[in-house]
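Both complexes shown next keep chain A, but they swap its partner, so chain B is in the first and chain C is in the second.
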Partner chain A sequence: MKQTPDVTLNFQHIFHQFEHCVDLVHRTFPEIHTDILYFPNLISKIAFSSMILEPFANIQLQEVDELFKQSQFVEVFHSKEAVVGVLEGKAAIFNQGKVFLIDIYGPKDRNIEQSGTETVITGPHDSFGESVSTNLSLIRRRLKSSHLKVIEYSVGEVTKSKIYILYIDGLANMNFVKELEHRIKIIEIDAVNEGGVLAQLIEDKPNSIFPQYLRTERPDSAVSKLVDGRIIMLVENSPTAISAPSSFFEFFSSPDDYYQRWTLGTALRLLRFLALLITITFTALYVSVTTYHYEMIPESLLMTLVESRNRVPFPPVYEALLMETMIELLREAGARLPTKIAQTIGIVGGIVIGQAAVQAGLTSNVLIIAVASSAIASFVIPSYVMSASLRLMRFGLIIMAGIWGNLGLIMGVALIIIHISGLTSLGAPYLIPVAPMKGTDWKDIFIRAPFSQLKNRPYQTKSPNQVRQKIRK
Partner chain B sequence: MNENEKLSPFHIAVLVFMSQMGIVVFTLPNSLAVYFGTNGWLFLLICFVVSTINIYFISLVFRLGKGRSVFEILERSIPKAVLYPVYIGLASVWILFGSMIGKKYVLLFQMMAFPTTNPMVIKLAIDILVYLLLIKGIYNISKAATFFFWITLWMYPLMFMFLPHFHWIRLTPFIFKEGHDMVKGGVDIYASFLGYELFILLFPYMDQKKKPMLAIYSGNAFVTFIYIWYSLTCFGLFSLKQLKKLLFPLLDLQALLRFPFVERLENLLFGFYLFLVLITVVMYLLAAQEAVRRITPIAKSHFFVFITIAVGYGISYIPKSIDQVNDWIMKLGYTVTGIGFGIPIIAILVLLIQGKGGQSHV
Partner chain C sequence: MSRLLAAIIMMCMLTGCGTEQRILEDLGMIQTASYDLEENNKLRVTINMPVSATDSTIKKMLLTAVTDSSKEARLLFSNQTELTVVSGQVRNTLFGLDLAKAGIHRHVDTLLRDTSMSLGVKVTIINGKAGELLSKNYKQHSETGQYINRMLEKRGSGNGIMPSSLYQFTRDYHDDGIDPIAPIVKDTGEDAEMDGIALFQDDRYMMKIPAKKALIFTLFKRNLKQGEIIIHLENKKNPKDIVMLSNIMSKRKVKVHHLANNRFKVDISASIRGSVLEYTGNKDLVKKEQRHKIEEEISQYISSQGEQMIKDMQKNKVDSLGIGQYVRNSLSYAEWKSLNWRNVYPQVEVNCHAKVLIKNYGKYS
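Up next is the complex of A and B:
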């Protein structure tokens, strides 16, 4: 059926829409009665030259109709479509009352670089960037399957950011896909600039301290999630891919675990869970022991502890909070400053905390060790978002330990567990495979069993195709 | 709760274990020694047999009633005017029992570590945790219980450290000599097995295709195993006279644990028992909530949960000392034991009458 153009679909009206946009370019080709509007910063100069300049320069007036019949010229019938097209990096071509759009999008992007937050020792080093087409390409080139489906949505009333939902047909549970689509459709917000924003908008419990979706900048990681039967979301202009549904324990695995021998991978996994224990409880335990339970320290160690604490004028809880805040300040300063200055801050902070604070009698040596171990342990956790959440919770536990010692500490842990056991990720239990208990999945959570043992996809994904491999060994 | 979310056998077993297990293990070896004397731990086997029979009754209700809720079964044959006051009574007993268990834990902790702290302040903090857990519903409670189970599991093998000091000769070849008041003591000790009886109320939440009754048996068997494991160790480490004098033999034992970096773990270990106590208290309050829900749907609301806990908190002000709390727990324990046997027996009778075409009040 032939559509009739709306009355506002003319050059003057559309040009007027872009009033005071100095970055818009208007070019005319009087010989063929054609006008073109585009944003030069959004387009590829090569594409512009080969798809518009060359054909238009070498054409006669009577051949123009034939030219516009080619498929790269898409006729539009509404002025809004034309405006949106120009904003998306297309060129709007006005010829004898008709308007065509031609896609010549190609702004300059950052090159494919190493991930800054998720480095691995072995394995691929490329990471997602801001260009969503590059990101899609990084996934497509690893996953050569027509079953990899990509759905596009636009979110953000002002920014109109594109969001892509990726899943493997036959591996992903379609109920999750539908639920995700539903949650994205109902978002009403002015701007979604980053994957992290989208993740918060579609979380089951936005007020929880725990991240409910795993985020990654690594395409190999994203592909392995897809193959697990999970869903990946990409946001335009964001290097963050979001994986859903996610389990709490997934945040403690790194692609490195799979690229090394399984014994090493297992040791690393266990080390990370040890780090989890240390990061949330070690300083709190110090506070608890030095405030209420000195009897827990063996005699030989007690002398050292008492000596190191005898000049400190504060109760342990203040001392610990002071030092923890100091470490957080250092970390935040290091994160915000340029790399070279950040190093200086690290050294200065290290000296101030390590030496001066102890000599000045503001804190004890043992606490420095506790705080430093907790901080280092928190950085062992591969997911920065999770590690940040855990560090924040540590403050709560320190305060609880300062109030009621071991009992307070245990109460704090109980509170965390009660909270976390009610969480879900896209409706799937967050604590799976521990609670609800799925023993077979423990092989790929607490340890990294040999590949011959990892027979099934994670239970959480409820994949219609559970079997991952049939290695006979 | 999502309709698809049902308690799997593993979760039921863990919930049963966590509901039964509690701070009673600290006094259990002493009670066994006082009431039953030599080789008192053997009485736990009798308790196991009795509780297994009780669970068999529960499984009969499950089988005859085809997995229907026990309330539904009763309401079909007994007028509501009779049942509702009974529900209120049941709920009251369960709320009191749960609150007293919480209070006992708090008093013990106060005795150990915080002699100057007002126990009711600690009780308040624990009740807040109970509230947060209870409003999440049975499925999330079971998830939390499972997590608690895994993070407390490491405590039980610690007893292996005492094996080099264990001597069979301390057990003596005599059975149940030097004890007294065995009947009273027996009922008293049996209270430490309580918790499984609540699961008669939870049939509708169980995944009925997957042998939920076997799970209750397993949970009960595991708790028996742990009780025997602890008590036997105590009987092999202390003499009978010592055991009779030590009020909390397990605490004394745990105080002897030594590691290179840490010793006197009893405080921390006792802290970990909070996880077990929380689930026990929550399960009793949940049972009370289930009973009142038959009368009014308000029982499902957060407000009702708040009121339940507040009432329990208020009443737990009354007993001041551990002795008084023990007295309350003992008396309530008798009642709860009676209820534990009473409900399944009545339900079985009702089901038999219904099976013979008895009159229905629906």
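Up next is the complex of A and C:
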């Protein structure tokens, strides 16, 4: 279809759009009456010289038309297209009233590095980076299938960030894909800088304390989610991939579970659920037992506890909140500071404050143990987002335990369970396979059964192709 | 949102269900309580509470009150100390022999009513004054209350004296056809000692099984997983032959035979397996026939001792072995109801059959 040329499609108009952009470069080739506009910081120097400089320098005027017929030169018919093209790292070429774009995008990227937040002991160590093309390549090179479909969207009125929706045709349920597309389409926001922002924009219940989409930095993990029939979202300039739909229990599994033998994987899974229990209830239990339920303390522990509590001037609930806040301060300080200073913080906080607080009689040493073990337990949980949510919840439970004792603790836990049973992730139940009950999925949730047992894809994905494998034994 | 609001409001209302704060270090937690009978039917209650002093040494606090009831005593204790006296950590209750003879159910019942009291709290009889024993400091041992408690708790000794809990005591008290029992402890000056098993008729102390024979009593009362006993064989040639059976495992069986005129004959059999750790006689344990001979002698000894014990019990009209339960189980409800077991029991013909098997007899012999 021949398009009618845009009247504003001329060099002057487009150049005017980029007024006061000192980083824009305008080059002229007077012999062939050609102007070029591009951002040198967005392009690859090598591509620029091989695709533009060399051909343009060695060309005669009459051969120019022939040159622009080559496929890398894409003619545009609207000035807006040209502007967007330049912004995306293409070079705009103006020649005798015609405008061409040539893609020479190639800014400096971070190398593929190890993941900072999700490390494994065995298995691949590469992780997503900021470059979305690298991220896509990390997935493509693991998933050699033409069924891997990629849909592109642009979100952010100002930033125009690209979002890619990845799914495997035939494995992913198209209802989820459609729902996701719908949710992304209706986003109207000025900027989406990170996967975490996108995840919040498309959540079912944004006010919930629980993350409703699993985020990962690991391409191997993203690929396994795709193969499960889930959908992966990648955001430009963000190393975070979002997987949807997600279940609560997914946050407690790590790729390591699958890379090691199943007995060990199972033990690790169970350990993490134990960590979940410890991290949300241990300090609260200390508070409720020392405030209300002295009957529960075993005889041999009784005097130790009384002694350690004896010099503490505060009721247990304030004592616990004080120490928990301290731990959170330490953690936050450690996260914000440069690595070298963070180590000092660990020593100052862990040893000096911990030891001194007990000696000064501000806290009991049994509480220090409780607080420290629940902090450690929270770091066992592989997903940082989930572990942060659980840590926050702990404060609520401590307060409830301080007011109502074990009754409050139980009510708090009940409230949490009630809340998460009602949550959905992209419309799919969040607490699946426990509520609604799906017993066959339990062997890949609470334990990691041997691969011969993992015959079906997770029920949550509602995959059109349920069968994962047909191993005959 | 409204549902969340409703939940929060409901939780606030539930504060009424919460008990008052009982912060650990402000509590005086009774560890052992002892009860003695005083003149004019008064009750002397002595309690001990471990208390942590600020210089982090553990002391005990000993309080005594003479009152009409045990709960009244607790009120008096509260007036004597800055700590809130609570009973949720009671491990052991000691009853003086005088009180035990008068009946202890009234006091046990009070203890059971207290919801913070565990059903596992032990009931122990003190041969003498319980309060005096609890007030004593045994130099070689840890704090007295804890010392008595741990002594009763250790199961390794296998002397057949099992601790009796509030639950077991009241269950046996209320149940038909069985009478409760409790261990007896006495003061021997430097130490306290397990003196035997106290047998009750309903809630009144009637007789005692001495510690030496406690294991034989237990062999006929229940199945045993561990035990040790020294047996003096009545041998004509050498009256001082001693066999020590240890690692005893036994199974008890009771059979009830109905005789004419509402009379019963009961066979209690215990099959006992144990290893010989000590034998001072001149028989060769390696030889099968001689070993069987010893087994036979031990069996006879245990059976005759058991029968003697049961005769004593029948004389005192205490059915601590629970023979009545087996008789009851062999009767219809109406038949049992029409039977006055307390009166029938002394006439029951009880036979004890012990069958001993020596599992092994040491490394060399």
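Operating definition for what follows: the second predicted complex is superposed on the first by the 472 of 473 C-alpha atoms of A that agree within 3 Å, B and C clash if a C-alpha of one lies under 4 Å from a C-alpha of the other, contacts with A are read in each partner's own complex, and residues count from 1 in each chain.
Just so we're on the same page, a residue touches a chain if its C-beta (ideal position, glycine included) is under 8 Å from a C-beta of that chain, and two chains touch if they have at least 3 such contacts.
Quantities reported herein were computed from a predicted structural model and do not represent experimental measurements.
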Q: Judging by the criteria at the top, classify the pair chain B and chain C on chain A as clash or fit.
A: clash
(Q) Contacts for A:V74 in the overlay, against chain B (first) and chain C (second): which applies, first, second, both or neither? (A) neither
**Q.** Contacts of A:G405 with chain B and chain C, given as first, second, both or neither
**A.** both
(Q) In the overlaid three-chain picture, which partner chain does A:S421 touch, first (chain B) or second (chain C), both, or neither? (A) first
Q) Which holds for A:A435: it touches chain B only (first), chain C only (second), both, or neither? A) first
Q.
After the superposition on A, what does A:R309 contact: first (chain B), second (chain C), both or neither?
A. second
Q: Return first, second, both or neither, reflecting whether A:I151 touches chain B, chain C, both chains, or no partner chain.
A: neither
Q. Looking at the overlay, what does A:L322 touch: chain B (first), chain C (second), both, or neither?
A. neither
Q: Look at A:E295 in the shared chain and tell me whether it touches chain B only, chain C only, both, or neither; answer first, second, both or neither.
A: both
Q. With chain A superposed, which of the segments 25-33, 61-69 or 115-123 in chain B collides sterically with chain C?
A. 115-123
Q: Pick out the shared contact residues on chain A: the ones touching chain B in one complex and chain C in the other.
A: 292, 295, 297, 404-405, 407, 411, 415
**Q.** Residues of chain B that touch chain A when the two form their complex
**A.** 2, 8, 10-11, 14, 109, 113-114, 117, 122, 125-126, 129, 132-133, 136, 140, 142-148, 150-151, 258, 260-265, 267-268, 270-272, 274-275, 278
Q: Would you mind writing out the residues of chain A in touch with chain B in their complex?
A: 292-293, 295-298, 301, 404-407, 409-411, 413-415, 417-422, 427, 429, 431, 434-437
(Q) Under the stated contact criterion, what part of chain A meets chain C in this complex? (A) 290-292, 294-295, 297, 299, 302-303, 305-307, 309-312, 315-316, 400, 403-405, 407-408, 411, 415
Q: Please give the residue numbers of chain C that touch chain A in the complex, ascending.
A: 7, 11, 14-15, 17-19, 21-25, 27, 29, 31, 50, 52, 54, 56, 58, 86, 88-89, 91, 116, 118, 146
